[in-house]
Amino acid sequence: MQHEELKIKLAELLTSATFEEGGEWTTINVEAADWLVFAGQLRNDDSLFFDYLFCLTCVDWKTHLIMVYHLSSTKHRHNMVVKVKLDRNKPEIETVSHIWRTAEFHEREVYEMFGVNFLNHPDLRLLILPDGWEGKNPLRKDFEDPVNMIKL
Amino acid sequence: MFITRYIKEVWGAVKSLTTGMKRTLYYFTHHKEIITEQYPDNRDTLVLPDRFKGEVVMPHNESNEHRCTGCTACELACPNGTIKVITRFDITPEGKKKKAIDKLVYHLELCTMCGLCIEACPSDAIKMAQTFEHSVFDRNKLTKVLNNPDSKIMEGVE
Amino acid sequence: MWSFSYIANEIHEWLSKTFNPTWTLIIEMVLAGVAVIGLFAVLGLILVIMERKVSAWIQIRLGPNRVGPKGMMQSMADTVKLMVKEGLTPTGADKIMFNVAPVIAMIVAMLLLAPIAFAKNFQLWDLNIGVLYVSCVSSLMVISILMAGWSSNNKYSLLGAMRSGAQIVSYELSAGLSILTIIVFTGDLQMSKIIASQKTGWWIFKGHIPALIAFITFLIAVTAETNRAPFDLAEAESELTAGFHTEYSGMKFALFFLAEYVNVFIVCAIGATLFLGGWMPFHISTWTGFNHVMDYIPSSIWFFGKTFFLIFVIMWFRWTFPRLRIDQLLNLEWKYLLPISMINLLVATLMAMMGWHF
Amino acid sequence: MYKEPEILSNYALGSNSGVSLGEGDFQINFGPQHPATHGVLHLVITLNGETIKKVEPHLGYIHRSIEKMCESLTYRQFIYVTSRMDYLSAHINNHACALAVEKGLQVEVPARAQVIRVLMDELTRIASHELWWGAMAMDLGAFTPFFHAFRERESINDIMEETCGARLTMNYMVPGGVMHDIHPNFQKRVKDFLQLYKRKIHEYDELVTGNIIFQNRMKGIGYLSAEDAVSYGCSGPAARGSGVSSDIRKIYPYEIYDKLEFDEVLETAGDSFARYMVRIKEMHQSIRIIEQLIDNIPEGDFQAKTKNVLKLPKGDFYTRVETARGELGVYIVSEGGTTPYRIKFRSPGFSNLSVLDHMARGSKIGDLVAMMGTLDLVIPDIDR
């Protein structure tokens, strides 16, 4: 499906969503509350069929966090980006690991690196950081590590 | 039939195993296929390609002159903070102040041999040397000063 | 003149003249013990360097080439290294069993040397059930591996030991059956008589196809019994780090290492005795001149030559094949080797009854 | 910051992990130092006898936080760090980053540079597959193929050393092209390599592929269905072994891949042997690409003119390339400055590792090693 077509279809599915222009792929902003239902529709709708979540990450914008989901369809070969804005002090979002199994690992990574709490995640534990890690989440902008200098 | 299939299976297995054994026997008997390089015995004949990135050096000519103007382009280009340019101001015969390097400090222990400093240098003052035996007993020896003592900038390099 | 049997007889005569019979026997036993231990050490050194060179050439490498002439002293250096290493015993281990296991491995290997004929008339003990003795004692090897694996208090070791238990017990069967094929032909269990029966030709030639099949089965089975690749599941480096000897270090590890190589030597020696005529030279029936030349080569060289050829074949296996999985290993034994060797034994018995072999 | 955990054995299965320790079950730590993990991967395996009940990866032993490091490096500098992620396909990682920066700057890369880049990518892919082939055979207990694979790989490394100046972490790609022109000997040496490769390639089949033990160890092991492969985000040979068409070079062509003749290798069996065959055949396809290009390197610049200080416009830039292990995504969020605001590397190994638990359940411990071999896990790529 082409960009314009996809936009119309997506706007039908979720009326509250806004689109972001300028990117390479169709980019849609979704509220955190709508995300779980919307994700299921993206995966299961035959004309959309976004079955391949190829990138899941988070960006810390100092005032808020933004979850970024890159989706692709192996059937229709179209791509889209979903952005979900989260509260920085209490970031919570529903997990999508039962829709795209790959999200399980990626969400665990985001959980420890950004402190985003994924609700109903089957196994939300530290994956990369050592057991017993306390304190801030390393990829947030205000993280400073006095032992291992990262900035030069 | 079961028996023929069984025999075929065994026969195929034996055949595939002997193919592999033939190959290894070939290498066992053909010693000229050996590819081992006996470093450090072959040190004299070992030639490294001229582009090999081993270490940053600053070439000097016979009258102890280099081409570095002290512009700090290499220092800015380096991703690891490997290079530190310490500049001083020389008084030229005309009485003007001119920037020149006092020391160009190079931390070999931090260097990843990416070659970005060489690319960045506008006056071709530094280049990569083809050395690779960098081990020393003291870490301090890895911090090097690239310009020779009392060296001067070459005429005509701006 | 300078054959092994000559030297042995000289020593025996001198001892008989000097001491009374009891002392003679005791001194002879001590001498034999020293000789066996010496043989172990020498075998260990030679086989390790041989393995390393064979693997190197197969893998287009040079192999050890620094210590001594052409690297031949490399295994000496390794021995020194292993001897000066600290032999750790893990805290949670069963100390007695842990330390006894490698010794048992060595004792089993030593016992196995008794009935082997190294040269003409040169044998420690020519007992009348030689072959039976060998197949009985060799199955004791599994005890040391099980002890080592269980007492280490390490899950990898335990897994390795359990694998090894299943493996050795099942492969004993087809090794035994293939030995039985030759016994059916000879009609005797005594080593010297088995060798004597091959005076006119080795069993691998005389016994037609059944002997050949038995020989191949024997090779596969003993490779498995000595835990060598492709059947090295007890060690399985890439799966169980080092299997049953994961926790061993220093001299205790060296004993296991040595026992493995001595076991390889012994099974190859038995294979050479049963199928390739032991110390018997290679004869072609009517070529008298050729047979004469062959007779001129000392019997010990014939024996060691054949044995080392078989050892090379087993090493060749090791450096060519990938490892089997545990269920495939047992499949191979119970579904392929065992039925084949049983049918083979049946055919061999028929042949022996009808006198169809040469 | 880091506190020693109070309970040392908190690797015990969590209540929500789906499997509980039954009678006769036990757990072993597979790694971080283990001969088969080829690095510092730590798997906690729950076993019942020899049968695997659960595989649980614990990562982070070689985590260097490359994503955070890149936030303080300029667009020219950050490329070199990515060589250290998947060190076996360093060129392709650098290529992905260079492409992402070029996408932001909207620089046209000269034709010569494009061809050189593709040539280097394919050589890297062959070198990476060679190492995988040897290492995987070694995992299965055959030691000889490892050395035979290194013979061919070594000649690729020599080519790299001559042209790029380094053997493993070349840092040859720069935004706008490549750092230097190719070495005058390059074409001749590549042709020599092709000859050597063609002379030796049949030995791979003799030693490993055709071997009955190897086939039995591989066939039917580690089955992965096409739906699972997509759902778990598998890419590269791991997905193509299950029949999922996922070659980025074909689907979303970059550089000159759309003008080249090569096939996307697809196997439908979905087992370890299928993944093995995909990689073996992929080497042939790479050879095909190199043969098409080696005599047709166009004349011209090897680098586009770019500004001294690169500044990406505000926005998101995402590039996908096909590395030897699968799809590598580089996601740059720019605020308009000289350094990226946030970088995310979507590494193929991370997603491919997540499928291991699903694949391995119910199989033997020896199979796990074979599966890990065919997934071709490179640990720095997983940890980043």
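As written, the chain order gives the labels A, B, C and D, with residue 1 at the start of each chain.
Convention: a residue touches a chain if its C-beta (ideal position, glycine included) is under 8 Å from a C-beta of that chain, and two chains touch if they have at least 3 such contacts.
Keep in mind the model is a prediction, meaning the values are calculated, not measured.
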- Message: Touching both chain B and chain C, which chains are there?
- Response: D
- Message: Suppose chain centres are the mean of their C-alpha atoms. Which chain sits farthest from chain A?
- Response: C
- If you tally C-beta contacts per chain pair, the winner is A-D
- Using the average of all C-alpha atoms in each chain as its centre, how far is it in Å between chain A and chain D? 24
- Message: Nearest whole angstrom, what separates the Cα centre of chain C from the Cα centre of chain D?
- Response: 45
- Query: In whole angstrom, how far does the Cα centroid of chain A sit from the Cα centroid of chain B?
  - Reply: 41
- Message: Can you pull out the residues of chain A that are in contact with at least two other chains?
- Response: 152
- When you check chain D against every other chain, which residues touch at least two of them? 144, 151, 207-208, 211, 213
- Item | Where chain B touches two or more other chains, by residue | 17, 20, 23-24, 35, 79
- Item | Partner chain B, residues of chain D touching it in the complex | 73, 76-78, 80-81, 144, 151, 154, 161-166, 169, 171, 174, 179-180, 183, 203, 206-208, 210-213
- Which of the residues in chain D end up touching chain C in this complex? 26, 28, 34-36, 50, 137-144, 146-148, 151, 207-208, 211, 213-214, 216-217, 364-369
- Complex interface listing, chain B residues touching chain D: 12-13, 16-17, 19-20, 22-24, 35, 48-49, 51-53, 77-79, 112-116, 119, 128
- Item | chain C residues within the chain B interface of the complex | 54, 57-62, 65, 316-317, 319-321, 336, 340
- In the complex, the residues of chain C that touch chain D are 55, 58-61, 155-156, 159, 163, 229-230, 232-233, 236-241, 319-328
